[in-house]
Structure formats: structure tokens, C-alpha cells
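Structures follow.
Each of the next two complexes has chain A plus one other chain: chain B in the first, chain C in the second.
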Partner chain A sequence: MRTRFSYLFSALALFGLAACETTDVDPIKASERPEETSDEAGLWLQMDGAERLLKASAIVERDPALNDYVRGVTCQVIGEDYCNDVRVYVVKQPYFNANMAPNGQMQIWTGLLLRAENEAQLAFVIGHEFAHYKQRHSLQQWREIKNAANASLVFSAGIIAAGVPDAAVLGDITLAARLYGFGRGKEREADQLGFQFATDAGYDGHEAAAIWKYLVSEVENSDLERNRRQIARSSIFSTHPVTSERIETLTAFAEDGEAGTVRQREYIATTSPFLAKWLEADLVRRDFGENIFLINHLIKRGEGLGLLFYRRGEAHRIRRGEGDAIRALADYRKASSFEDVPATVWRQIGDAERTKGDGAAAMAAYQTYLEKAPEAPDRQLVKSYLNKLDE
Partner chain B sequence: MKKGFLIQRVGLIVSLALLSACTSARTMQTTNEFKAVENKARILLIEPDVELSFLKAAGVREVRADWTRQGKENILASIRDALAGNEHELVNHPLDTNNAREVQLVKLHEAVGATILSHRFIGVPLPSKEDKFDWSLGPGVRDMAPEANADYALFLFARGQYASSGRQAMAVGLAVVGLGTVSTGGQAAYASLVDMVSGDIVWFNLASTGSGTDMRKPEGAAELVKVILKDVPLTDAKEGA
Partner chain C sequence: MFSTVKKISTMVIFLSVQACVGIQTVGPGPFDVQKTMQVTVGKEWTKYPFEPKTGLQGLTIDGVSLNSLTFGVNIKDGKALIYSSDPKTLVPRFRSDMTDSEAVEYIKDSLIYSGMKNVSLANLRPETFGIATGVRFDIAADTERGLNMSGTGKTVIHNGVLQLILYIAPTEYYYDLHIEEVNEILKSATLL
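For the complex of A and B:
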């Protein structure tokens, strides 16, 4: 009796649930808003709520000059018509990331701004994210989730009914793989369209692959084996095209196109006031290999060397590996020969020399610190060190 | 997107509440010093935090913008009707989404409400709150429409899920083959009356209804509001339930 019901039910489920919603949607037009009765309007409503919280959050970088600049590049890439539909938030997160919500909320993370080398590279990221919006990828994705969940339900209900309950978990695996597979297809499309948007706006196509090439070289120097392995790994669960494939495709696009602008000077001028903060925040990731690789990469630009050698000294000091104390002191010494070095370098030189046992050098450094930073919050502490060293 | 622990907890509590099939209500009143609401009080009706969704066959929940707007309108109208017999002045306060303070206060109400639920209605009681009900949003609530000069504010948080016919078939089907029960939706809401001077929650109530009543319809919303406003210290004593 039960068996008959089971077959009856799985047949019912297969007929009743397999109806699929179309994922073939038209690109969104400028100032277009979804119909209130649609599933798309529901997605927008949820993202509007999330955006209200983001807007009020301390995680957003509000510096007007930086925001105006990023907004300017965005409008340049996506065109004036769409410019009012997209809101860009610079989000204080040390990871290389950017994302796009269906309602026009775009996030650019500071870890990405720290690693982009010029305005063209930022433009390609913005173009890529905007392509997700214009192609309504979130809506497509949502419909795929619904279709896949229903298909998965048919699958697991069928298996349960056939008397193999354990196999029901297989339904979840196919669900995940289908979703992420679709994700990869959309990323490819976003790469292609993003490339087009940015080159149409006059940016040099070669920079699209360049940002990925840099990222691969940085990750190859990661402290974490898991990160290093991830570059090459291709699995059904990875959402983005394998990086090597992506670099090849973007390089091929650039070979067919004309040369364009890179605007490195403007990019460096706008982002350099944040370098100290962003490099410090990057250490939150506790990946010294990547942090030091990034600093060395920035040192090649030949600018802001006082800050950069100081930050490399900080990375060595905090890592505390073998020989790091000596490396840190050498970096601090080197940094101190440049005009733009932060005054705290003298405090760090003092500490390092004191630990080494060179009292005279430590005293000299501490005194320089107190001269250069007379209002430093730790001046009383430094004075007490000086008194002790004087005894 | 990452969601906080609290949001998950709210989700869990609301789902727990949705599981209970019948309409229920228990009210809480502050044990802090509190002067009863007199007539002709000015009450701010804060735009209710409502989210109504479509429960699909596989259990995927799809938020519906039109239902949400309709539910919000119906709830506000029902609150006005329910309090119409008194001489209070009711002031609608649509949320100013560009005002970060207002957005945060509505979130704060959601968080405090969820905490009350998890220690008073469901879950583990807090030993420190055994003989008292002294929850508060703090005097910062005055930042909510200071120009309105209101005596009290009414906050309401509501979630509703309505099953598709496929979902209902699924539920029946699974029950038939003996694979247990799945949710076919329902509604849950909680509301607070907040003293606009101290920020204290002077009254709090939870209501949940099964798939029978429906706040997408005016009479469904009226039913939910009637249940949730039970014992609210805004109605005349003779009218009190």
C-alpha cells in the first residue's frame, strides 16, 4: 500500500513541480524599475533593506574626494544614462573584492583599491560589476535557484519514495553544482561586457588582464597553502572562471582592440592618502607573505618610500619569524631616510635597538621621536624608557 | 551576503512562531515606574517593518514587494481602526530611509523584540529578569521624529509566508507517505509601545496566526491587529479585553 502511494507521489511531484521559470531575461534599461508584482521587485525590496543598513554603517568609507573619484570613474564607464541607477559604496574591507546587488548597489572594497595599479584597472572592475546589473544576473540566479531547488526536490522526493533515503543528500550536491556552474557562465559574460564598457569609455584593454596577473603573483606568495592551491584549482564549486582562463580571454580581447588611457597618475594621487591605513588594515588578514609582496610591488613605483619601508618593517616586526627583528630594524632605518616617513618609525627604532641591547642608539631614536612627535600619546612611556636607559 | 547572528535568531524565532498553528497572544507590561497613558496622548505609528513572502514548493521563500506593501497598508489601517474609539492623536510616521538614526532605531526594536521573545515567550528565561519587565530602547528614541513631539511610539514587526499550491501539495504528499510535516506558511508579529521620553517598552505583545488569516487582506490584518493589540494600555478600561 505504502509503495503504491510512494510511486503515485513521486509521479505527482515530477509533474507538479518541474515547471521552470525562464532565466532568459532582457537587459535592464536605464531608469527601469521592476514591476511591483514580480519576483524581481521582491529581490529589490530585500536589497533596499540591506542597503539602508550599509548606508548607516561605519564600514563605509565616506571620504568625499575618494568617493567623488570612484563615482566619476563609474559614470565614465557605465554612461550618464545609467549613472543615476547605480550607487557605489567604498567598503572598508581588506580583501580584493567588489560586488553588485540587483537594485543598483555596488560595493568596491578597499582591499581592491589598494591592489589596483591605475584607473583603467578600476574601470574594468566597475564594468564587470555593472554588467551583472545590466544583464540582471541576480534575477537569473534567483530563478535558477528556484528551478534547481524544485528539480532537486523532485530528485530527492523520488529517491525517498524509491526507498533509498540516504541518497537524498545527492539532491543537494547537484543543486549546488548547478548553481555554481551557472555562476561561472555569468562571470564570463560579465568579463566580456565589462571589457567592452571600459574600452568604449577609452580605457586601455591590456589593463583588464593585468589586475588578475598581479593578483595571481601576490597569492603565489601567500603564507597559506590553501590560498596558493586555489589559484590553479578548478572545481565544480568555484564560481569564477579559473583565473588562468580569465587572463587568457582578457588578453585575447585586448590584442584585438585599440590602445587607450591608463590614468595611473590620477589613480595614485587619489588613493595614496589612504595607503597607510589600507596597508595596516591588510595585516588583519594575517597573511604576511602577501602583505610584504604587495609592499615590494608598491615600492617599485618609487613613491611614498618612507611609508612603504615603514610598513614593511611593521610586517616583519609583527610576523616575528626568524631574522624578522633584524629585517624590521633595517626597514625602519631605511624608511627614516625618506621625508614621508611616519614619526612612529623612531619609536619602533628605539624599541628595536633597546631589545638588541644598544642603549645609546635606542636613546637617540627615542629623543628624535619626542622631538618629531611632541604630542604623541605614548610620550610619557617613551620618557620612562629614556630615564631607565639613562641610569 | 553575510547575515548576523541576530538576524538568524530572528529568523528562527519567527519560524518557531509560525509553526504554532493557532492564534495566540500573551502581553507584557513594564514593571518600571510608568504613568498610565491618558486620553489625548499623541502616538507615533512607526511604519511597520513587514516582509511577506511566497513559500514555493521546495521551501524556497520569495519576498513579494506588492504583498509587503499591501500588508503594511492593511496593518496601519487596522491599527487606526482599532484605536479609533479613543481620543488619542495618531500620527503616521513613514520611515525616512535616508536618516541613519531612524533606520537604526527600527533595527534596534527588531533586536530588542527578538531578545524579549527568546527570553519571555520561547526559549530560556533570564534569571535577572524573573520578576521584572524593564526592556527599553533607550532615550535615543527621541531622535525619531522629534518635531512630532509624540508621547508614545508604536513599533510593529511582522513576517508572513504564504504557500504556493505546489507547496501545499508537497506537504500533503509527504504526510501521506509518512515523511512528516512541512510548514505551509503563516504569520507572526510583535509590537511594542514605547515611551518617547524614557524609551522604555511599556507594553509588548506577540501574535502568530496559522495559514487561515491573511494580512494581505483587510479583514486578515484586522484580525491580527485585534489579537496583537490586546491589553495595549491605549484603549479605555471598559473596552479592554
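For the complex of A and C:
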């Protein structure tokens, strides 16, 4: 057990005026822990604190089946030896993101799970993140920042690690990595090693570039011009490799390798129970262009169509662009012909028909809604609509 | 790090603690919100300064994280309950042609956007709001840190603008502590 003294000591090591330390570090071995008084131990200690917050928070998806699955893929990719060193958290955030803390805390955000198409793509993400851990990229980065002798930079990195409340829950490394980036070199290394880990575990190398290709096409449909510009041509000052370069490199890796498994069925079976929730959360971002592009992409799978047409109707309804009201109603009608449609589709059809002025169609839809969802939270409200339409 | 150009914007959200300047108390008695809405409060509440960028006015008794009563007045078409310095930021925005349940959805999505997790609505029901009929609703949610929260509120769209009263408090102990007072306040709301 760590004593208070050792905590202080690590903190001192972390903030102390260390002479230029080597940023050249050996990969971490399985079960290896940092020396108790090292700067690395200090980094770990801070991340342990952040991880305790994360564990207790409401942003962690705790579904056992999903967690078992992600954990299984992780152990497959990183190998049994490292499996106990890495803890994977599925984090309920609608953005495409994953990150790795130096102490072995890995976060996979639900916005990424929503967009990955198969297990192989998830495996590459895990491989990439694990590479950051194994190569001790956080420690290297920490020492690079310190060696830059920019006291204010070091200080603010400390502040970040100490935690702004919300950032603390998400794990400070996210924010720190966003501010400083792991840098192009480390990201390239993580791509290369991640590719190796995933293909060694038997996954198909072509999927590594595929997830990026999909992402580029989605962001090209963003409602936010800034996003569309950035994905098209990342700035030369960008700390991340340009996305197109990343895709080219990963594609070249795959050409040299042999084909592997993709495991799309397993992936879809595990994630489809969350699709309704994740798509709803994605729409809260209000990037209708991306949300509709994503739904259309999922529709191509040819399953879960009741839910998917319903969700597209929701995006059209909330967007309120020209012709969107008609599109929304058409989506809802189409969705309602599938078995897996949520009962709320009938309530939306009722609202759309009522707005259009078709009282009879609205009443029919509201009645169907109340029959199919007798415990609906808006039951009384819908009943009041029915009473008004009946007058 | 495996992320895209997207960033989670840091924004001032309407439930956040504001600077401790200009704090006054109100009640017991009538309380006017921006000469638009009037309620009658039965206890003494601490009033935070009106936030013109979002149109939100906050009251609390024990501190904003223990009980917050938020008034939103004259929310106009295109307005967000979440403040962002960049007007192009994608956030839930009010539309004057929303149905009353869409108004509640807008409030719910704004709460989610601002970081509340596992937000669910219950008991949506028509309730008078001044001279108009609005919607009353209950809310359950968790803070990011994992604290269970309960809430209740009402909203109305009248003459193309949205009015809102929302009470949120930790489910354990604090929600019940002032719920009778809050129910009376909600009942007393009139539009001026």
C-alpha cells in the first residue's frame, strides 16, 4: 500500500526540477509497475485517482455482456500476459474516441462502438491504444514537455491532471492528449504496432484503414463547416498524422499481409441492443448531416430497419429543414412496417398528422401508441390530444 | 489517442455555479422574473444574477448543486439553453413551431448536452401556465460523477416564445426537502 509519504514523494518527483531526462524509454513489460519514486509512478498515481472517479461515475457503460465482449477482444489483441495490466472502460460519450492512460486505463467511447463496423475494426483501435501503453508514450510525452523547460506548460499540465470536474471524470489524459497530442511520431508508431497486434491476433488488416475511411466520409457530411475543412486537409501544425496519410499507410500495411477474420456477425449481435440508445445520444450533438449519414450507412446492413428508419425520421423532424417534415413522416411510416420499430413511432406519426391537419390519422396513430405503450411517460399528454381531437 | 477533429466544447451551462457577485435573496412573497413571469415563493431563496446570454435565472436554498430552481423566460426561436461563444456551435436549439412535447425534448436534450447522464422523463401532463396550457413533467438523471438527481418542471410555448421552470436536486434527501414548496411555486406561475 502506498503511504502518504510516497505520494508526496512522487508528486515532488513529478513537479521537481529534474535535469533533462531521457525520453527514450523501453517498452513496458507485462505486470511491470513503475519504480515507486519515479516520475512515472507519479503519472500513474494521478491516473489512478482519475480512474477511481471514472469507476464511480455515471458515464461508464456497465452492461456485463458488452463489457465481457470488449474485454475478450482486448485480451485477444494484447495477449494474455498483458491482459491483467489493462482495464477497458466503455464510456457513454457520443463522440468517436478512444484513449489510453499510462496506468493501463483504456477508454472506448460509445460513439466509436456505434461507428465501428466489425470486431476487426475494434481490434485495431484497441491495438493502437495498447501500443501507446506498451511504448510508454505518456511518460515520453511528459518528459518532452518537462525538457522543453517551459515551467508554465508543466504547471498547467499538472493543473489538468488535478482535474476540472468533468474532465476529471473522463480521465484527464483525454484533455492533456488533446492539448499536447501524442505527436505524429507516436501516433504513427501506435498505428504500426496496433496493426501488428491486431493482425497477429488473426484480424483482417484491411479493416484498419476502413474505419478511418468511413469516418472521413461521415465528417465530410458534417453540418459544421469547420469539421469538413479539417478532415479534408489537416494542418501541417496538426499533432496528429493527417488522416489521408494514416489511411494510405494502413492500406499499404494490409496489402503486404494475409487476410484474416472480420467477425461482423459477432460485433453486430453484441452492439445492436445499444443502437437505439447510441443513435439517440448521437442526435443530441445536433449534427444532423453526420447523424443521417451514419443511419443511412447502417441501413445498408439490411437489419434493424424499423429502428433505423425511425431514427432517421427523428433526425429529419428535429432538423426542420425544407421538406424535412414530409421526410420525417415518410420515415416513420416506413419504420412502422417493421417488427422492431419503437412504439414511439406512433406518437410521432400522430404529432406529424396533427400538425398537417389530418385529425383522423392523428387519432388513429395516438390510439395505436397508447395500446402499444400503455406505460408511456407521456400517456396523459397524448390522452389530452385525443380529447381535443375528439371535440 | 484515437480521435477525430471533433471536440467536446467547454461551455457554460445553465446549471453551473455562477460567480458569487450580486447575490440577493427573494421571498417569501411574489417574485418577478424579468417582468415576464411571476411566481409566489413561500421560503427565502438565494437569487443568482440573471444570465442574459441564455435567458436563465437561478434560485437556490442550500446551494446550486443541492437544489436549483431555474427559470427560463422568453426563449426565442434559435436560442440554446447552453451558452457558447461561437454562434455556429451545434447545440439543441428552440424552434417556435415546436409541439409541447418537443419543448420538453429540447429541455431534456439540453440537460444531456450539458453532461447529465441517464436522463429520463416521466409523467408528462397538461398543466396551466398562466393563461396558456403548458406541460408539466418529472425528470430523473445522474450527474457525470454518478449522483442520482430528481427534477420536476413545466414549460409552455406562448406567442412563439418558450417559458420554463425547472427544479433539480439530488434524489437522496434534498429533492424531497423542498418539493412541496416547489410544487406551490410551479402552481403559482403566471405570465405577465
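One rule holds for everything that comes next: the second predicted complex is superposed on the first by the 336 of 391 C-alpha atoms of A that agree within 3 Å, B and C clash if a C-alpha of one lies under 4 Å from a C-alpha of the other, contacts with A are read in each partner's own complex, and residues count from 1 in each chain.
To be clear about the criterion, a contact is a pair of C-beta atoms (placed from the backbone, for glycine too) under 8 Å apart; a residue touches a chain by one contact, two chains touch by 3 or more.
This one's a predicted model, so the numbers in the text were calculated from it and none came from an experiment.
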Inset, instruction - Pick one for A:Tyr95: touches chain B only (first), chain C only (second), both, or neither. - result: second
Inset, instruction - Classify the contacts of A:Asp351 with the two partner chains as first (chain B alone), second (chain C alone), both, or neither. - result: second
Inset, instruction - For A:Ile28, decide between first (touching chain B), second (touching chain C), both and neither. - result: neither
Legend entry - Which superposed partner A:Glu129 touches (first chain B, second chain C, both, neither): second
Legend entry - chain C versus chain B, contacts on chain A by residue: C
Inset, instruction - Check whether A:Ala328 is in contact with chain B, with chain C, with both or with neither, and answer first, second, both or neither. - result: neither
Inset, instruction - Return first, second, both or neither, reflecting whether A:Glu187 touches chain B, chain C, both chains, or no partner chain. - result: second
Legend entry - Touched partner set for A:Ala56, first chain B, second chain C, both or neither: both
Legend entry - Touching both chain C and chain B, counted on chain A across the two superposed complexes: 53, 56
Legend entry - chain A residues within the chain C interface of the complex: 53, 56-59, 92-93, 95-100, 112, 125, 128-129, 132, 165-166, 169, 174, 177-178, 181-182, 187, 215, 219, 223-227, 230-231, 234, 240, 281, 284-287, 318, 320, 347, 351, 355, 377-378, 380-381, 384
Inset, instruction - Enumerate the contact residues on chain B facing chain A in the complex. - result: 1, 51, 53-54, 56-60, 62-66, 68-69, 97-98, 100, 103-104, 107, 166, 169-170, 173-174, 176-179
Inset, instruction - Write out the stretch or stretches of chain A touching chain B in their complex. - result: 2, 5-6, 9, 12-13, 16-17, 34, 36-39, 41-46, 48, 50, 52-53, 55-56, 142, 145-146, 149-150, 152-153, 157, 160-161
Legend entry - Footprint of chain A on chain C - complex, ascending: 1-8, 88, 90-93, 95, 97, 99-102, 109, 112-113, 115, 117-118, 120-126, 135, 142-147
